[in-house]
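For reference, chains read A, B and C in written order, and residue numbers begin at 1 within each chain.
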Amino acid sequence: MMHLLRTRLRLTLLLLLCAAVCGCGTPGSSGGAVTARSGPVSTGFDTGEKVSLTMWDDETSPGDSKAQDQLIHEFEQRYPNVTVHRVVKSFDDYMSTIKLAASSSNAPDVFQGNEGYAVDQALIKAGLILPLDGQAAAYGWDTRFGNPLTLDPLRWSADGATWGSGTLWGVAQKAEVLGVFYDKDVMSRLGLRPPRTFAQFEQTLAKAKAAGVPPVMVGGLDRWPLGHVFMVLQALFEKPSAVSAWAFGHPGASFDTPGTRKAAEVFAQWGAKGYFENGFNGVSQQTAAARFAKGEGLYFITGPWENQTFAGPLGNRVGFFPMPGTGSAPSAATGSLSLPYHISSRTPHPEVAAALIDYLTGQHAAKLLIENGDLPAADPGSAALDGGSSLAAIARTWRQKSRAGLLVPYLDWATASMGDTLFGGLQQLSQGATTPAQFTAAVQKDWESAHS
Amino acid sequence: MFALFVIAPMADGAWISLFRWDGVTSGTWVGLGNYRAAIEDAAVRTAFQHSLVLILFYAVLPVIVGLALTGLLVHSRVRGVSTVRTVIFLPQVLAAVVVGVAWRWLYDPQGPINQALSAVGLGSLQHSWLGDLSTALPAVGLIGSWITTGLCLVLFMAGAQRIPPARYEAARVDGAGPVREFFAVTLPGLRNELAVALSLTVIAALRAFDIIYVTTKGGPGDATTVPSLLIYTRAFVTGQVGSAAAIGAIMGLLILTLVVVITRLVEDRP
Amino acid sequence: MTASGVERAVTYAVLALFSVLALAPIAVIVLTAMHPPGALLTGVELPDSLSLSTFHSAWDAGGFGRLMASSLLVSASVVALTTVLCIPAGYAFGTMRFPGATPIFYLMLAGMVVPFESLIVPLYYTFRDAGLTDTYWALILPQTGLSISFGTFWMRAFFRSVPAELADAARVDGASSWRVLWRVLVPIGRPAILTMVVLVFMWTWNEFLLALVMISDQAHRTAPLGLSTFQSRYGVDVPSVSAAAVLVAAPVVLVYLLTQRQFLRGMLAGSIRG
């Protein structure tokens, strides 16, 4: 034993020596600052020079991925001197690698970040992405996405310290608003009609449960899906300005408020009353979605990205409505633009990168997305959004809520670790392992340790 | 080569663990602050407790099953033993992503396990195995047992074949029954194999990351959070690279100590 | 029935039980993959017909041909490098006494116990600075490094188990250490070496996190990485995902089944004096 101890001691010494010899400086200190490119930005670029761009995105669903490939192909046809290499990863894989990739010397020229402290703030603080105010003015991005407020989550101060106003750092291709998908056949079989108030909504849950139909399909195994259910509830019971202030990390904001606690109570009751599908915490979101698309449930609370999963097999049998409010006033809904596209500060071709982003987020791209059943960020005024389809209902919801300033941000934006804290907390709350008050207090504690 | 790609990153890791660093911007020197924070962190403590539970499933249970099977098979002259050995070892060779795909489906509330339970009239035992706070950790642990049992069996069977038959005969002359024979002859004869099996499975339990990452991602709540998962989350998701490196260093030392202790306790000295 | 007959029956029953436990999860996945793509299943259902069409469509949709080629290249390189480097290293640690042997050996052992997840970030920076991310080297070199730590440990155990007289006899005949190693010891060590080769092949083939971090470029992706992307893209389609999982697992299972007799024998040779 003594002999071994000595060996271990020597080993430790050797390690220390090694560290000293490697002479590592402060980690990350090699990160370059933004090379400020001042002056007006134009929309043109040299079309003679051969340019090769790398672009990263997380559009893995078959429809969206195909649309993305087509848009890139069209862009390359329009500018024959440009070649775009596209890299696609699933959301989890993407988020765990994007910051490392963006810091590399062969960083992707164009890539998606994620709103909030975990990704976008880190990118800005490390000087890895370019401010886009000039490009926004030149291409008209300021006004492309309806209410200018929708761009707020993409604005940060120049040093990345404060969020929600200031410089624009990215623009997005798609819009997201959380609401309720419902199966019209199941609803009429149960003798129900789409609810107009929250009280009616809860009655439909009770009736479905009594009839043995899973009221709300949700895949809790993946953690975040429960978060979206909770956010829809919180948007009803908490003031929109309070939700925004908290998610943006404004001083003095709190999660431990009567409105949010009320939302947590309703959420816990749904869990206790069995309104979520059987064993939901052990079901993956994809499995839950597949079962809803097979007609196994009444409601599915999520956003437009799942529209095609349901509308593909169910067609007009699937409908969508925003969660009805508790009073007569229109209710708020969780929603924002999708993951923003950024331009790397390392790219030698920022003008070409800007033109590519412009193409991906423009009117033509919007029409293509609609054909694939998804909701674009730019409003192309397409006739496809006027009918009675679920996508038309989603588009109407987006327009109403964004114009009226009734969109609230995703809560997991609030701190880098909020996804884990919030979603894990909801898994516990949904099984009655914690009380609503414990839940809101734990979430607030995470927020305070990050924003103190 | 080894020095370049294992020792250098380890040294780097040790160095990084002394900084507060998000992985992209410049780090701040905090000395041993990350270690202090890790030791005081309730999440880290919970994760290490879960590791202890996983040792039961990854190491203790497979070793017991492996020993029992070996005891049963050591004298029997039934055919097919080698086929069974091959089959039981098979889970060991599969990629974690593959295992994850299989077991997420097996454990699904409407999946094969619940279906089997209701088919044999035990419908009341149906469970949302990975979703229930009380069953998630054992459910994940059993996947580990499924993987490591074959390894234990292979090692023990091989070891048992090397025990001199004379010892068994001597035991029989003394009038030992099968049970006493197992404890008097087989078990002592397997000390070395036991040390190897325990070391390998305990390392597997403490380093368990893949299986959890592909099934529950640490949920529900923090019911299946383990140190490696914290390391991964902090290094890649929440931008606490220094803290991740500190937990990594603590874990490495802990595993090394445990392995040394196991080896010393079980292995007989020449 | 005689007493030994009962004992036999019990033994068979126990063997059967454990074989079923080990095989059932694999069988369920294979069975699921036999359903047509897109089928929604509840529990285990027998497909209407045993068809391999889902494997075919998953192979095409996931581009597994290319992914497998990448994986094969990386795994083969790691195996070759590890074997060439570990046999002499294990020989040195196992049979010779040289200054610093013990500390160096324990340092190598440390490579087996440090959680790999915490090494990946520093590794990424090293490779990024060398401009080697998105190349096969970024997978081959670190995995060879890690495998060496195991391989040396493994081969050392083997060389220590070989009776010293064997080498001595050869040396009396005038053979150099090097010659003794390759002409005398390696041939007897074939099972132990084979086992190491198979284990290293398995681990390299199955590695996921390193590949995820180091490789973004489609052309260099490995099979488990491809499976992860496939799963997120076609996750609602349980049969297709199952088929893809079976495809990714097939090469290692095949290698294992083809070599199992020697492999399991080698397990023992290498680990006797771990």
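Definition applied: a contact is a pair of C-beta atoms (placed from the backbone, for glycine too) under 8 Å apart; a residue touches a chain by one contact, two chains touch by 3 or more.
All values derive from a computational prediction rather than experimental measurement.
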**Message:** For the interfaces B-C and A-C, which has the higher count of C-beta pairs in contact?
**Reply:** B-C
**Complete:** So the chain most remote from subunit B by C-alpha centre is A
**Message:** Can you work out the whole-Å distance between the CA centroids of subunit A and subunit C?
**Reply:** 37
**Prompt:** Which integer distance in Å separates the CA centroid of subunit B from that of subunit C?
**Reply:** 17
**Complete:** The positions of subunit C in contact with two or more other chains are 107, 110, 121, 125, 213, 228, 231, 238
**Message:** Two-or-more-chain contact residues of subunit A, please, as numbers and ranges.
**Reply:** 8, 27, 96-97, 100, 103, 284, 287, 291
**Message:** If a residue has to touch 2 or more other chains to count, which residues of subunit B qualify?
**Reply:** 7-8, 10, 12, 16, 23, 110, 232, 236, 241, 256
**Request:** Using the touch definition up top, name the residues of subunit C that touch subunit A in the complex.
**Result:** 40, 102-103, 106-107, 110, 121, 124-125, 128, 131, 133-134, 212-213, 216-218, 225, 228-229, 231-238
**In the complex with subunit C, residue positions of subunit A that touch it** = 7-8, 10-11, 14, 27, 56, 60-62, 65, 85, 87-93, 96-97, 100-101, 103-106, 108, 284, 286-287, 289-291, 293-294, 309
**Message:** Applying the document's contact rule, which stretches of subunit B touch subunit A when the two form their complex?
**Reply:** 7-8, 10-12, 14-16, 19, 21-27, 29, 104, 107-110, 127-133, 136, 215-222, 232-233, 236-242, 256, 260, 264
**Item:** In the complex with subunit B, residue positions of subunit C that touch it
**Value:** 7-8, 10-12, 14-15, 18-19, 21-23, 25-26, 28-29, 32, 42-44, 81, 85, 107-123, 125-126, 141-142, 144-146, 148-149, 152, 202, 205-206, 208-209, 213, 223-224, 227-228, 231, 238, 241-242, 245-246, 248-249, 252-253, 256-257, 260-261, 264-265, 267-268, 271-274
**Fill in**
Touching subunit B in the complex, subunit A uses residues 1, 4, 8, 15-16, 18-19, 22, 24, 26-29, 31, 95-97, 99-100, 102-103, 118, 122-123, 125-126, 128, 220-223, 278-284, 287, 291, 416-417, 419-420, 423-425, 427-428, 431, 433
